[in-house]
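Paired with chain B in one complex and with chain C in the other, chain A is shared by the two complexes that follow.
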Partner chain A sequence: MLVNRIIQVAFLGLIAAAWYWATDIRGVPRLLLPPMESVGASFGRLIESGAFWSALQVTLSTVAQAYLIAVLSGLLAGYLVSRSTFSVDVLEPVISGIFAIPLILFFPIFVLFLGIGVSSKIAFAAVYAFFPICLNTIAGLSQVDERYLRAARSMGASPFETFRHIQFPAARPVLVNGLRVSFLICFAAVLGGETLMSMDGLGRNIAQSAEAMAPANMYAWIIFVILTAFVLNMVVTFIEERTKEH
Partner chain B sequence: MVSVSHSAGASARGSAGLFSTRGARIKGIRLLVILGFVLFWEFAGRVLVDPAFLAPPTAVIQSLFGRIFADPAIVRAIWMTIIEVTIAYALAVIFGIAIGMLVGMTERGRKAFFPIIVMIWVIPNVTLLPLFMVVFGFGPVGKILYAFSGGIFPIMVNVIAGMRNVNQLYLRGATSMGASRMEVMRHVVFPNMVPSVFTGLRLGMIVTMLGVIASELFVSANGIGRYTRAFSEVYDPAPLFALIMTLAAISITLNEIVRTAERRFTRWKR
Partner chain C sequence: MNIPKPALAVDDAVAISVRNVTQRFGDQGSAREVLALDNVSLDIKRGEFVCLLGPSGCGKSTLLNIIGGLFPATEGSVTIGDTRVSGPLPREMAFVFQESTLLPWYTVLENFRIAQKFQRVSRAEWDDRAMSALKAVGMASFAQHYPNQLSVGMRQRVNLARGICMETPLLMMDEPFAALDEQTRMVLGEDLSALLAKTGKTIVFVTHSLAEAVFLSDRIFVMTARPGKIKTVVTIDEPHPRSPDFMLEERFSVWRNELYALLRDEIRQAMAALRDPQAAPAEH
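For the complex of A and B:
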């Protein structure tokens, strides 16, 4: 793991060196790639002005609301579908088929319905993140050994007890994986929606600085979003590791 | 990602048989579910929802032929999208397999480069969309390169994973029986990679399409994005839905082509 970190840091160093070479020595147009100092200055200014934090707040609260909706509806739908193998066979290919369409296609419809504000982003990201949770819930719950379920029922377990003590523990690794994947999809969907059409948030700021031809700002925003993505990914991985220990 | 793609439906599709009563019943009820959804949509579009927001399927089909296919500029934009997906996907396949094999061939290559690939993969691709548009222009080149930059990753990662997961016993067996490096590649490593590579090709297609569609929607001066924006701004949902449904149908077709190839080339594995 330490070796991996060293390699990754060395790679970042290489990128910085290439950046320095392209701007300060080769003289690439500033509009395409501004020198590191000016991006650094923009970065500092955006931190001081609090622009980063207010945009981050908007994006994260959008992600949180969308994710909550996706988790609740995905688990419920997945549970309902997985209750009979017949409904799994009927519906699972439909659900996974829809998920294979680039759903961002439907984003203009969300904007048409809900407007340019936060709610279209919440709905869009919730729909996108619904699918991996629902599909993994179906996959996890329908692979539970039928004999365990029969044994539990014959010993008088209620449906809730069966779920609590047999289905849920058996499906947990797949469920956790679905929850992780869908969180990352939820974050990417919110960013995507903000980039395409919105009034606020991280994605909006990247797009806006691109439209305004302010490359130093654009690179500063991109670097900030990438850092955010790394941190979120680390948090998610950490939580996933913790749930495995039990 | 893997558990998402290999889900429960696959087992039922395999040996149940096309004409057994159960298989036919499943297909029939699935069709009814979809039909029910379309009927509900028709009802909602006519009665429940303001016609400025939702068009019923009949109106959508009408404007599909009357507005979308009748306008050569829109048809050209749709063709352009298909061409962009094709070129971006071809690039992603060629470079994804080539780079994946170069990196995955040796233990050292995997150790040195895989952490970098994983690190880049964590970044949500859409973060870089405005950057690609600024650097490569708001035309097809920028859109193709942006889609390529996303689509290459699942292919690369799955090629590397396929090369890594070769059973060590087979490798040792082949070399101890005097197989050369090339022969080991040809007879042991390549056949073992096939399922994983096709998983990568299938995911790569989805991500490539996502990239093309996202950049098409991002750019409002030309292509699909110009029309989706124009239709939404005047609250004209019928052609908007028709255009989106056309692109969804194209996505499903392209997905099916890749999945048919996958099924055909991995049949021996089951």
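For the complex of A and C:
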């Protein structure tokens, strides 16, 4: 464990060293990569002014709404598809085929229909995050061990009881994995959308700093997004671990 | 397990009646159509321990599933008591399958509770019935364990106990000991014989082990290679519960050899069919 920590910290140190080398020794232009201390100063100012927090609030509320829609629709659609092998055979390749396309290509269409405000981000991220949940729900529910289902039938289990005690617990690890992947995709989609076309949020601030030729601010925003993603991933992993316990 | 019945409970009432059951798999009339069972009829008496014995692939498990209503026969009918079977009858019969069907996400005790919940047993009885069934197979101290914390043999013991705990008059056993090693198998077979003599259940037991069939059965239905038919019925006239000494007696070997003689040709045919599917006798 300790060795892992040391390697992880050393990795961060290596990045910092490379940064220092590029700016202070190689003399990379400040417009491309400002020195660490000026990014640090921007970071401090953005924390003090509260700009980070208000943008974070916008982004997280967008993510939350998009994720809620994705979870509900993904679970429902996945459940419905998994109910017959015919619909699994027909629809599963279609759904996974669409998911293989980089859906960010379609983001302008969302803006066209829903405008530049928050709703285009919610809709886009919800659609993107729908796929992993839906696909994992199908995979989890349609691969339940036939022996358990047969045994349950011989004992007189109702369809609901079969779902509650056999199909759902059997599919749970795959479902939880789908929920996790889809959350991370949801976050990435919201940030991508915000960076491309939006009025507010973390992504918008990165894009705006770049347009305003304020690289120190831009890097400060990027670092803040990285920290946010890091914390979110820790939260999600923690929740996932909790669901594995009996 | 509280059903008081004399040790020799076989009477002349018919518990299970199978009439002209034929089973085909695959699309009808196509080249891939397989005739699994061909016009099988048999009667099983109440309290009787019956074995379905035959070479691999002869349709004995299929027949068991049809008797239990787990899937419908292509032709023919099964009657249990006065009811014609058209689906599972959880109040009438319990199944013990070849591999443990204990749900890995529940403890042993929870598995028993779920089974009884499915079967609509009142909640108050769940734990008493579960614990007494577990006690009967010597697994009471493992009630709080998860199935994957148990060995294969222990799991199958628990599986057996769950079948018994359902307290159904009929018990369908589909090669329940096939995955076990020889020694565990013999001990479990012995336990089963002692246990069932007390409960007076009617048992249908699928096996391809000759010794198991002779040791446990009142009657053995010997089946032919595919398509499965009843070749002959061998009666094992020996009271229950049977002790391991029975296996050392000459009568045991005589019966065992008789079964072997009956099965030898069928096994050869089944093996030939595996080597060359075209030569399989499935065409007629």
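The criterion applied here is as follows: the second predicted complex is superposed on the first by the 238 of 246 C-alpha atoms of A that agree within 3 Å, B and C clash if a C-alpha of one lies under 4 Å from a C-alpha of the other, contacts with A are read in each partner's own complex, and residues count from 1 in each chain.
By definition in this document, a residue touches a chain if its C-beta (ideal position, glycine included) is under 8 Å from a C-beta of that chain, and two chains touch if they have at least 3 such contacts.
These numbers come from a predicted model, not from an experiment.
So, does A:K244 touch the first partner chain B, the second partner chain C, both, or neither?
In the superposed model, A:K244 contacts neither chain B nor chain C.
Check whether chain B or chain C contacts more residues of chain A in the superposed model.
Answer, by number of touched residues of chain A: B.
A:R153 in the overlay: touching chain B, chain C, both, or neither? Say first, second, both or neither.
Touch partner of A:R153: chain C, not chain B.
Is A:R26 contacted by the first partner chain B, the second partner chain C, both or neither?
In the superposition, A:R26 contacts neither chain B nor chain C.
Could you look at A:P93 and tell me whether it touches chain B, chain C, both or neither (first, second, both, neither)?
Touch partner of A:P93: chain B, not chain C.
Which partner does A:N136 contact after superposing on A: first (chain B), second (chain C), both, neither?
In the superposed model, A:N136 contacts chain B only, not chain C.
A:N233 in the overlay: touching chain B, chain C, both, or neither? Say first, second, both or neither.
first
Both chain B and chain C touch chain A; at which residues?
Shared contact residues on chain A (touching chain B in one complex, chain C in the other): none at all.
Quick check: in the complex, which residue numbers of chain A touch chain B?
That would be residues 3-5, 7-8, 11, 31-33, 85-86, 88-94, 96-97, 99-102, 104-109, 111-113, 132, 135-136, 138-140, 142-143, 174, 177-178, 181, 184, 187-188, 191-192, 195-196, 203, 206-207, 209-211, 213, 215, 218-219, 222, 225-226, 229-230, 233 of chain A.
What residues of chain C sit close enough to touch chain A in their complex?
Going by the criterion above, the answer is residues 68, 70, 88, 90-91, 93-95, 97, 99, 101, 103, 105-106, 114-115, 117-120, 146, 166, 172.
Residues of chain B touching chain A in their complex?
1, 3-9, 12-13, 26, 29-30, 33-34, 53-54, 111-112, 115-116, 119, 122-131, 133-135, 206, 209-210, 213-214, 217-218, 228-229, 231-232, 235, 237, 240-241, 244, 247-248, 251-252, 255
In the complex, go through chain A and note every residue touching chain C.
Touch residues, chain A against chain C: 147-148, 150-158, 161, 165-166, 169-170, 172, 246.
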